[in-house]
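In structure tokens below, several structures.
Look at the two complexes coming up: chain A is in both, with chain B in one and chain C in the other.
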Partner chain A sequence: MALIPPRPAPVPTSGPVYWLRRNLFSGPFNTVLTLVTGAVVAWALYNLATFVFVDASWEQVWRNMKLFGVYRYPTQYLWRPLLVAGVMLGLMGAMSGVAGRRSIIGSAFFALQGFVALVSVVAVLFWPSVRFLWPMALAIGFAGYLVGLRWPRVVRHLPWAWTVWLVGGAVLLLGVDSGGPFGRVPIRDWGGFLLTLILFTGIVPSFPIGVALALGRQSKLPAIKYFCIGFIEVVRGAPLIMWLFIASLLLPLILDVDANSLPAIMRAYVAITLFSAAYMAENVRGGLQAVPRGQSEAARALGLSAWQTTYLIVLPQALRAVIPAIVGQAIGLFKDTSLVFIVGLVDFFKVADIVSVQPESLLVTGGVKLEVFLFIAAIYFFFAYRMSIASRQLERRLGVGER
Partner chain B sequence: MVNAQPRNHTAEPVVPFWRNVKVIGILAQVAFVLVLVAGVGILVNNVTTALARANLPADFSFLRNPAGIPIAERPIPYQVTDTYARALLIGFLNTLKIAVVGVALATLIGVLVGVMRLSANWLLRTLATVYVEVLRNIPLAVQIVFWYSAILLPFPPRISDPVALPGGLLLSNVGLAFPALYPTYRFGSWVPFLVAAAVLAALAALWRVRQLRRLDQVGRVWPYPLVAFLVVAGGGLAFSYADRSVPPELAVSFDAERGRGTTTIAEDGRSRPAAFVPVRISLPTATLTTTSQNLVESREVVHGTFRFPLIKESEAEAFEFAFADPEAAAAQGLALHFTAFPSVGIVYADRNGNGELDEGEDVDPATGRGYGGQGVVMTLTGFERVVVSDRDGQVRMPLFKAPSAAEQAAAEPTTPAAGGGRFSAFGQAATSSGAAEVTLEATTELLPVGALVLSRAHVPVSNYEGGMRFTVNYLALLLALVIYTSAFIAEIVRGGILAVPKGQREAAHAVGLSGYQTFTLVVFPQAMRVVLPPMISQYLNLTKNSSLASLAGYAELFVIASVVSNQTGAAIPIALLLIGAYLLISLAFSLVLNNVNARLALVER
Partner chain C sequence: MTDVATARQPVRADAPAGGTKVIEMIGVNKWYGEFHVLKDIHLSVNKGEVVVVIGPSGSGKSTLIRCINRLEEHQEGKIVVDGVELTDDVRAIDQIRRETGMVFQSFNLFPHLTVLDNITLAPIRVRKWKKSKAEERARYFLEKVGIPEQASKYPGQLSGGQQQRVAIARSLTMEPKVMLFDEPTSALDPEVIGEVLDVMVNLAKEGMTMVVVTHEMGFAREVGDRVVFMDAGQIVEVGTPEHFFTNPHEERTRAFLSKIL
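Right after this comes the complex of A and B.
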């Protein structure tokens, strides 16, 4: 009786060796590809690392941190922007506490807190003027989180809290004429990352305007419809930098006020908000078109009025569907705030330009442009990439991508 | 939705007019239009009074005034004395120039990266993902400044020391120059051939279409007209080269000392500059002088570098080098080390006398710095260069000087070792003495040419001449726009490929198509349908984003418009022109989009 010869051991379908064979060395072509790409990547990474850790002179970036952060905002008033930032973290923390640590807002909140914690450590060690302020912002953030965790019902008050934050924050940053701890800080001294974030809030007023434009575009009244179409298409047709330029030149003329009485930040804010609203309108329109007709017909059949149908049935569904697109637009706006240099504002990007041509920078062999722009690129990347992660999570959660 | 109130279907319409949806709608619109007109009226009134008060132009008549704006980048002839209208036109053409090239390159890279993101190779896939994520999430403004002022401006070789790439390309911090074909004075004789070729091609296409229809076959149309066109046009081009004479009306004047010349053509007794004429310029003997410098390049200190204008080794029979002050140089034991013979090198002190640049020999131990400030003299014999005059008939050459008797007398062998290198020391070869040559001799010869001439780029003094040029500003903006947009296109392409149902791929494999065929014949055409509309909106974004050109110093439409606006104060007319121009571009793109959509729908059947 012959024995059946033993079968060869099964090829492993897991483990690092299998992974390597499958993903990197699955054939002669792939092997060559891996080796060539690997060599190029290794060379590039080596050069980058040599530059970042050996050749680069980070001295100028380090010394001008305050300019990067807030530009010329007075040092004795730095508690004001940091308090505003802290309260923002606190409100985000409360939302995260309610929604849970692993929710989309929760993971974004903790990423942001990680960033703030890192800066806090640096501040405690090296920056005496904000030694206690950064940890304060961090603490308010966590306090908000604990409140949200303990009393989930605060979620009902959050819209009001955000509104109070927005208005109160603006007032606090500006200050009052009386002097003292609340002394006036002229708007021309605002700048750096603070200004970038302030301009980024232009997404908030652009939202209702955008929704109104989107609804107007769907309207059956030709006057309103064509006005909205015209506004949306003209604004979207030209680049933001042109609208910023036009706003800075024309707003004082149009409003017939003295050019000096209308700060550049206001002109830029108007341009950014209206520009963003036109894009918002197109995003919202996509959502409106995605709501099945049956929804509004059913609502009408139930006796809801036209406005009730829009606000209770159509808009909630439409906006839900376009949340990822709106986050995508927010990323675009965040990046586009770098264009305000054209109206003479000194945002995060412009500060980099200023720092790179300081006399001390020019003394450094070969200049510090590379260092400075790598630094701001890294910061922009951190925030934009974090938002794009949130956008992707939202897409998955809402199932928009799978449709 | 407002006027879709439920109808009352009872016997008679009892809806009062203030609840009648149609009436409400009309009233709402009238109110809206009134508010709009009133608002716009107030604003327009504000603007006109403000303009009148500030005495600023409110109409377009200023466009006819001379602009006085120097523009380095001009696709069509332009002078500082030309009008504002022409300056703006140059800007518009520059926008198109960057948009067209940018769109093509961004598509190429974007599709490549998009396909890479779906690669089975983990490393390639990850690399593509990192590329997309990093570049999408950094503002374009930062990227433009990064490429322009952090990479391209400080890093590449100076214009005095450009890198010669294969194919006659020259790269430096002034930009990229490459050979280009230009029409000559004989171009007119080629035009009839071109017309005949076009007519023949049309006839061939017509004939082929008819033939296919008659035979009821499926086949390619385009090879027939293409071959017909190429044969006739190529024959005409070859024929234009058959005449090897130079017309007697053509002349060239060349001032060798100033390095400048003009090619002229006599017409009706008057001579005017002749464009694109090839000229051979020969110098029996000439010298060039330069001074070594200690400078910083690519973040490194380069000691005692000397640079002559770019000259190829093949352009002269012999090169000889000497120091301007031979005694002092000999006392220090200075010698020359070439990094790019014969134009670029380093002055060093050959302390160990081995005739080579060794570690530390480029630094003077007394001062701790390099040997800057040393005059170096190059003497060429039998120099010859063929140059093509530019659009204005101008010819430029390096600023050669005559080898003067005094210099020759002063010239001594620099170092004994230097003579053994790739060059001979000046003093050893120079034997002529006494006869003082003061003026520089140069012979010029007009070369015969056909309908087209190949103009090569060269660097006579401190800028490119001849060929075609992309300035470093253009390159930086192009690079940033292409890389930024390609990250978005990659995502679109990836999405498009993923959108093709898996069954399509499996079916293609089942009918025996190879992997490549599956991709090109089945997956790609279907992905195109999903990909093209968002892709074209990315093209539009690229065009609009080119308005950031001021960050790279490129004279694009918005840049010129803002300069004009600042000069004239004509903010409103300029704003209207800009909006009009951008809407025109948007409209062109949406026309293309509609056309493409229609064609894709046809393919879909």
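Right after this comes the complex of A and C.
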């Protein structure tokens, strides 16, 4: 029997070389295109890197970390927001320890710890008043993680721990009138990233309000139905900036109360929450319409009441369908909080503006505007992108029972 | 001749005398907007009876059984189920729905719940059973429809025939007095229709009161006590399966049966 002579191996149809050849160099025209685009991108990246690592003067950013973080919150009380942040990290860490590193909460926790670690480095180098507090917050986070890992039963205590954190944190940030280490810090002195985060939490109350508006819009009772439609359409019909103005300037006039009786932050918070609720309602409505009629018919045919049908059958499916839209809205709101500078609040974004015109900043040749705004852009991006990752993970996990 | 007569005088599909009437529809009329979809329906069903409703699509047969548990509202006439009249009274509607199981053409299982949760939801929430009892009964009926091993899966992981059997188990676990079937096999692949029909045949032989809208003439012949033929929103002819399949009176009935048999 004749031996089959060996043949050369076939041209590989996988691997990086194949991929390059197929996608980037598949003909003379594409090769030229690839080379030109590559050159432009490389040139731009080189320039950016030169700026970031050589030409830029980041000193003003690092020196003003306190302004970026909390603005006018008194330096001697800085341990209070940091303790709140540390405990939050600890609780998230405990949840992550129980749920595992690769869970949604776990991956978010480690990303956040990475962020806090970077801030800790900056704090150790440039921020003497909280030099040790930032690394401690980081440590509390990891301690929480180890506790969760070692004793998974802590999960049972987490709900009330979060409640204590929420209430205790608010009280701690606000302080009491007696002075001393717990001295009062009026809400008008809150600012920077702390304020941005607080305004962002407006998404939380806006969720139930939005769901209620969406359900109300489908109500058979005309009073409820038209109130909901009217609210949604009117609120969506004007820009957020206008509602912030109305909330902070016109509302005290309309209600005939002293403009100072309600802190500006609260007025802006209410405006942001209601604005977000109107958009939330439309997102949820889209989800409600995506649930087939047969679902509620089957539930009603089994004897479930209209209310049970809504919250056991229709809403869970509707909300799952609109997770991407809701997270998209959260990301949008996170960035839109920067508009509150228009009513005199100093959030993270406004601090960048303030820092860039400080006398020290103006002494720097060429100014520091670019540095400062690149810095806040990076931070906005980090949080927005994290939310988008969490949303994708959530979708994948909830996809289990999909039709 | 007979056609004119039936048009004037509605055909009454009354249950045989002597039984206990579970469903009674008296002179029921319904319109969708201007469209007269149910015309003078007189139909009653005795306890333990299996009534099969046949007819061309658009003849109102689905609307008819959906009126029995108020998924559709009738505008004229009277519907009494298990001694309770259907009115706008929500409590009466809820009571009737508790005692009436319904199986849909498109299954309508809840995709976000496991098979077991699909089945135990209503017993726990509506009948206020303990979870353990509800699950025990759910497993009993899953066993009965032949898929006890699927309890922890999601509906999307099951075949159409399995889903429909879960839907039947879901209704049965509520221990209804009547089961309504709205074309239960029409959305199924031909090779799994049999497994669903087997479940229904067993149910009929155990004495369940059933109203079945279907095109499965084999089922009608095997377990149907009475067959009701509907066309254009009215009952055209009523009789035993033998009567229907050997010697139907009406021209329209004959035309319909010749097409599907």
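Operating definition for what follows: the second predicted complex is superposed on the first by the 350 of 403 C-alpha atoms of A that agree within 3 Å, B and C clash if a C-alpha of one lies under 4 Å from a C-alpha of the other, contacts with A are read in each partner's own complex, and residues count from 1 in each chain.
What we mean here is this: contacts are C-beta pairs under 8 Å (C-beta built on N, C-alpha and C of every residue); 3 or more make two chains touch, one makes a residue touch a chain.
A quick note: this is a predicted structure, and the numbers were derived from the prediction, not measured.
Engineer: Pick one for A:Leu302: touches chain B only (first), chain C only (second), both, or neither.
Structural biologist: The second partner, chain C, only.
Engineer: Mind working out whether A:Gly294 is in touch with chain B, chain C, both or neither, as first, second, both or neither?
Structural biologist: Only chain C is touched by A:Gly294; chain B is not.
Engineer: Tell me the contact category for A:Arg320 with respect to chain B and chain C: first, second, both or neither.
Structural biologist: In the superposition, A:Arg320 touches chain C alone.
Engineer: Touch check for A:Leu312: first (chain B), second (chain C), both, or neither?
Structural biologist: After superposing on A, A:Leu312 lies in contact with chain C but is clear of chain B.
Engineer: Between chain B and chain C, which one contacts more residues of chain A in the superposed model?
Structural biologist: If we count touched residues of chain A for both partners, the winner is B.
Engineer: State whether A:Glu59 touches chain B only (first), chain C only (second), both chains, or neither.
Structural biologist: Touch status of A:Glu59: no partner.
Engineer: After lining up the shared chain so the two structures overlap, which partner does A:Glu360 touch, if you call chain B first and chain C second: first, second, both or neither?
Structural biologist: It touches nothing on chain B or chain C.
Engineer: I'd like to check the shared interface: which positions of chain A are touched by both chain B and chain C across the two complexes?
Structural biologist: 300, 303.
Engineer: Per the contact definition, I'd like the list of chain B residues that touch chain A in the complex.
Structural biologist: Result: residues 1-6, 25, 28-29, 32-33, 36, 43, 46-47, 49-51, 120-124, 127, 133-134, 136-143, 145-146, 149-151, 154, 296, 298-301, 544-545, 547-548, 550, 558, 562, 565, 571-572, 575, 578-579, 582-583, 586 of chain B touch chain A.
Engineer: What residues of chain A sit close enough to touch chain C in their complex?
Structural biologist: 292, 294-295, 297-305, 308, 312-313, 316-317, 320, 400-403
Engineer: In the complex of these two chains, what residues of chain A are touching chain B?
Structural biologist: Residues 23-24, 26, 30, 33-34, 37-38, 41, 55, 218-224, 227, 233-234, 236-239, 241-242, 245-246, 249-250, 252-256, 296, 300, 303, 306, 309-310, 331, 335-336, 338-339, 341-342, 349, 352-353, 356, 365-367, 369-370, 373-374, 376-377, 380-381, 384-385, 388.
Engineer: Which positions of chain C touch chain A when the two form their complex?
Structural biologist: Interface residues on chain C, with respect to chain A: 69, 71, 94, 97-98, 100-102, 104, 106, 108-114, 121-122, 125-126, 154-156, 167, 170-171, 174.
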